[in-house]
Amino acid sequence: MILNKELYRHHGHLKGLFIALRITIKTMIMNLTGMEKRMTINYPEEKYFYSDRFKGRHVLTVKEDGTLRCTSCMLCATYCPADCIHIIASNNDDPSVEKAPVSFEIELLRCVFCGFCEEACPVDAIRLTGEYEMAGHSEQEWVMDQHYLAYRPLLSGGKGIVSTVDDHNRLKLRL
Amino acid sequence: MKKFEFNTANKKKYQELLTHYDDIQSALMPVLHLAQEQHSWLSPEVVAHISELMGIPEIKINEVISFYDMFYDHPTARNVVQVCTNITCSMFGGREIHKGILDHFQLHNMRPSQDGKLYIQKMECLGACEMAPCMRINNIYEGHLTLKTAVQKLEVLP
Amino acid sequence: MSIANKADYQNFTLLSYHHIPSVHHLEIFEEAGGYEMMKKCFTLDPEKIKEEVKNSGLRGRGGAGFPTGVKWGFFSKDRNQRKYLLCNADESEPGTFKDRYLLEINPHILVEGMIISAFALGTQRGYIYIRGEFYEQAMILEKAVKDAYKRGYLGKNILGSGFDFELVVHRGAGAYICGEETGLISSLEGQKGRPKLKPPFPAIKGYRGLPTIVNNVETLAAVPWIMRCGAAAYKKWGTEKSPGTKLFSISGDVNRPGVFELPLGIPLIEVIEKHCEGVREGNKLKAVIPGGSSAPIFTAEIAKEVRMDYEDIAQKGSMLGSGAIIVLDETRSIPDILKWTLEFYHHESCGQCTPCREGTGWMEKIFKRAEQGEGKLSDIELLDKVAFNMRGRTICALSDAAAMPTQGIIKAFRGELESYIKIQMKNR
Amino acid sequence: MSEVEKLPKKMIKLKWNDKDLEVPEGTNLLGAALNNGIKVAHYCYHPGLAVAGVCRMCMVEQQGVPRPFPACNAVVAEGIQVRNDTKQIKDAVEWTLQFHLLNHPLDCPICDQAGECGLQDYYMKHGQYDSAMIDKKVHKKKVQDIGCDVVLDAERCILCARCTRFVDDVTKTHELGIVNRGDHAEISVQKELHNDYAQNLVDICPVGALTSKDFRFKQRVWFLEDVESTCIGCETGCSVKISQNKSGAYRVRPIVDSEVNGFWMCDDGRKIYKHLSTPGRLVGPMVFKNSMFLPVAESEIKEKIKSKNIKFILSAGLSNEEYQSFFKEFKNIKNITLYQLPKTGAEFDGILKRADKNCNLRGAQKAFKLAGADSSEEAMKKMLDTLTSQDALFVVMPEIVYDHDNYASFLSKIKKAGLRVALTTDDMRSEFSDFHFLLPVPTFLEKEGHIINYQNKERKLNKGRSYGASDRNVGDWAHLFH
């Protein structure tokens, strides 16, 4: 497709070629000298950092003592439009915890990364992180259990991400 | 646990109390007063005995005991002292006296002393505002107190 | 016997016998003219006694001021039906000690009043529900009742009149709410003293589901005098709408606190200055609580104008209540008074209706927060709002009793509360 | 029902807001509104219990009455005009709700009641969205196991006293009471619950203070759908609803039915869901081989029974329709008898529970009579005594067995039969090893039909979700073995 019919009619295709080459060479020099930022990166060695609002792989946050924050209220499972969160709750012997998940699974292949689970959570137990590298062979590899979600090595070396949002108020006032 | 039973004199009183009322449940409060006079507090054994005696479910008796300030579901002492901390008495230092005697005898509110001598209870209006600040020592009113006279009065108790 | 040992019916109604030494003995009481009226009443038509009480305009002295004659009018007239007459001596309104004073010295006037009332109403059994703290008074009363039984004034076929009346002294155990009519009935039934739903009213369905009349000590004790001297004589005292005399229990910053029997309608300032010999140590008057802790407070200005009768006090925004006057002088801090009031109602709420159960606790918490310096000026507004929303929403009047003084103090002493909150914030 | 109650009552006209109501004389005012589909916020009122009037949510104004009053403590009167949509009442309800929520722990995420909680419902409608409460709440005991599979959380309780009224008025066992005063008041239990109707407490609790240990944390209520059916636990035949979803059935609750069960049902009846979604539900015919059950082709069973003398023992828990279709298919009535579950417990416990655990005995007897078969126990015993190795005995298993000893002794007698086949819903019972084959039949929740209860009333069974093979009922299998 000829973008500029007028230019082509007056100067012929040879001049057009040179105009194009000039842009190419100029951009190449600019890129090589670092005067302009390159769009591409050397992916496996370099990583692209998305903004904090990027919705990547999920993480379950933990309390200061390292246990899951999740109370298995199932609001995330309720709101999930892809129906990819499966929680089995059970009684916890500690009366201050009362209810905790024995199984928390997310089927990543079904997940649409909408972030509704994050918004539905009343206790900041689930977050979507910036992790975007996901690969797997069998379907099983795409189902994350609660251990992987909370304690995978990427998260503070397996200790998990500690969240204390509202804890101060909640514990002090039990609001 | 020791089993509680009314003594002979109180058994007679109990029978007399029942004649005062048209149904047995109504006699519950006087019977509890009677039991408390004998046993100083209404322990689970007392409640169980009264429940059996009067045929009232235990929970109904516990409800009543927990509702009224003058029934005790925990041990008291030989001398029960009630200090008024309502408006008029507080105006003349009733709260300071209450706190003062607790500190002096190193007690807590509504906990008997180690030797079983004193039990101090903070009360709302005792109905003796003209002699504010006042307290009751074993059902006897003492008025126009100061911390000093209050402590003196408590120290001479048996 | 000397003249001094005759009852003084001229100056007093309830305290007519109080100047007589040892009048709690039946013989001395009778010698002074007691139980005479009772004997005479047995010859009268019960309806006539009711009529006389109604004509006297006697109003319930417990706090609400409901005309006694009207209350008796609702009562079943069937004399064979099982009915009860209860005397409310569970006097626990802070500041009140009139019944204690009355019963301590002269228990027989109540017994006589109850027998006459019971005869008029046709009740077979009466109970005097006396608060648990009044142990000595209960003993005095029990002795008086026992003596009356011995003399044949109580029991079966009293003095050959064919009228049976049993009287029992029942001790409470320390619960303010049992001073409420239906709370008292619940308590007498051997349950928690929780007020009952109205309707049905006790006059129709009360103690054990049978017709029951509950009257204050003072009300019943006034009956013998009214029968003796007539309704017209009673009406000479007091105002048109609030006839008769009333026992005022005065405490606080006055030189001579105590119980005084005075005609209704007497100016408050006269009570304080003349009968109580003025504010203590010559201090200036700051405020007066005119009817027990549930009555909204009066500032000194209003206190100087108000007359002690049901209507005038109500018109000035408070209530006569049980006639318990607490006088505060200029050295007193109003926030303290509010704190003690709130603590009291939190402690005494029976926990049945939600607005009262939660509201009384909340108001105390709001105030305690302000006391610790964590308050805000908007907390006063909040207190006012909470109090407003507690009013008229519950079974009994305890919720109102907690809300009214709170609102009253906020209305009359807002400036002092505001500065208190500010000072506490600074001192934190 | 007594004769007096059956008489038509005088109807009374009244006006609630702008709606005209016509209700029988003597109706509770709040009840009248609720029965006519008007939504009025209330906690303590329950039509099956005495009036307490303590929650103060149902306040109304009446023309000519100076003060607002709770509708639950009033009786309808001719021509009264009642309003609860004025500003005054709306404010009152809003603030009363605020008072209710004041010391509530707001632990909805871990509360089983969430989704059907009175506090949540009314908060959405009447709530003050920004609470003025910033003070410390009163704490009470949480997670108390009070017996009978009921868990008490005193902090969530709003002290509506429905539970105490229930144990006082309905079961008369008096285990619960409210102790202490003011905002420290809380529900207390004397030792523990000991009645057969304790799970009703969970139903009537308008908040999450009383929850069921059996249902606790299994599912959130919004994932469940209710199927209305009839309890097959005993001959009473209470109207119930079973909550289920695709992963299973979770609980049974009563439906208000003034003719049979009123508002309640017994705790035994609450367990009738347990076999509906067990992992052992049959999906097809099974054969007992190498001490376990394995799937088998129908033709194999057919082969085995070809030359045998087929006999049937039916259970007294099938629906009328199933008996009908069975008798239509299987005409050899001499070879059909009926197994009746033995009576257990008291004849009638005064509330609902009855000793006769055969939910459709009357229906079965009727069907047997109609077909000319003998439904008596003697006939069954006679058949058991005369079993030979030439017989192929088909036993329709009762869905729920109470007296296992009796049942085991019954099974011990069938061993004389050469071939034993059970028609059952699942393979979860140990006694099944006595059988050669299992054939799946639907559970009571997987078929439409009717049963006849002790009052000779026809009760409906409805079809809900299926968790096993449910396409063939007893009659259909009979057809197969002609």
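The chains carry the letters A, B, C and D, assigned in the order they are written, with residues numbered from 1 in each.
Basically, a residue touches a chain if its C-beta (ideal position, glycine included) is under 8 Å from a C-beta of that chain, and two chains touch if they have at least 3 such contacts.
In this text the structure is predicted, and so the values were computed from the model without any measurement.
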Contact pairs, highest-scoring chain pair: B-C
Longest centre-to-centre distance from chain B, chain (CA-based): A
For chain C paired with chain D, centre-to-centre distance based on mean C-alpha positions, whole Å: 54
Averaged-CA centre spacing for the pair chain D and chain A, given as whole angstrom: 46
Intercentroid distance (Cα basis), chain C paired with chain B, Å: 24
Chain B: positions in contact with at least two other chains: 60, 63, 67
Residues of chain C engaged with two or more neighbouring chains: 175, 192, 347-348, 350
Contact set on chain C toward chain D in their complex: 175, 192, 197, 199, 346-355, 357-362, 365-366, 369, 382, 385, 389, 392-395
In the complex with chain D, residue positions of chain A that touch it: 71-75, 78, 89-91, 95, 98-99, 122-123, 173-175
Residues of chain D touching chain A in the complex: 105-110, 114, 134, 136-137, 139, 142-143, 216-218, 220, 222-223
Interface residues, chain C side, partner chain B - complex: 82, 91-97, 99-100, 125, 131-136, 166, 168, 170-176, 187-193, 208, 249-253, 257-259, 289, 293, 324, 326, 328, 332, 336-337, 340-341, 343-344, 347-348, 350
Chain C-touching residues of chain B, taken from the complex the two chains share: 20-23, 25-30, 32-33, 56, 60, 63-64, 67-71, 82, 85-88, 90-91, 123-130, 132, 136, 139-141
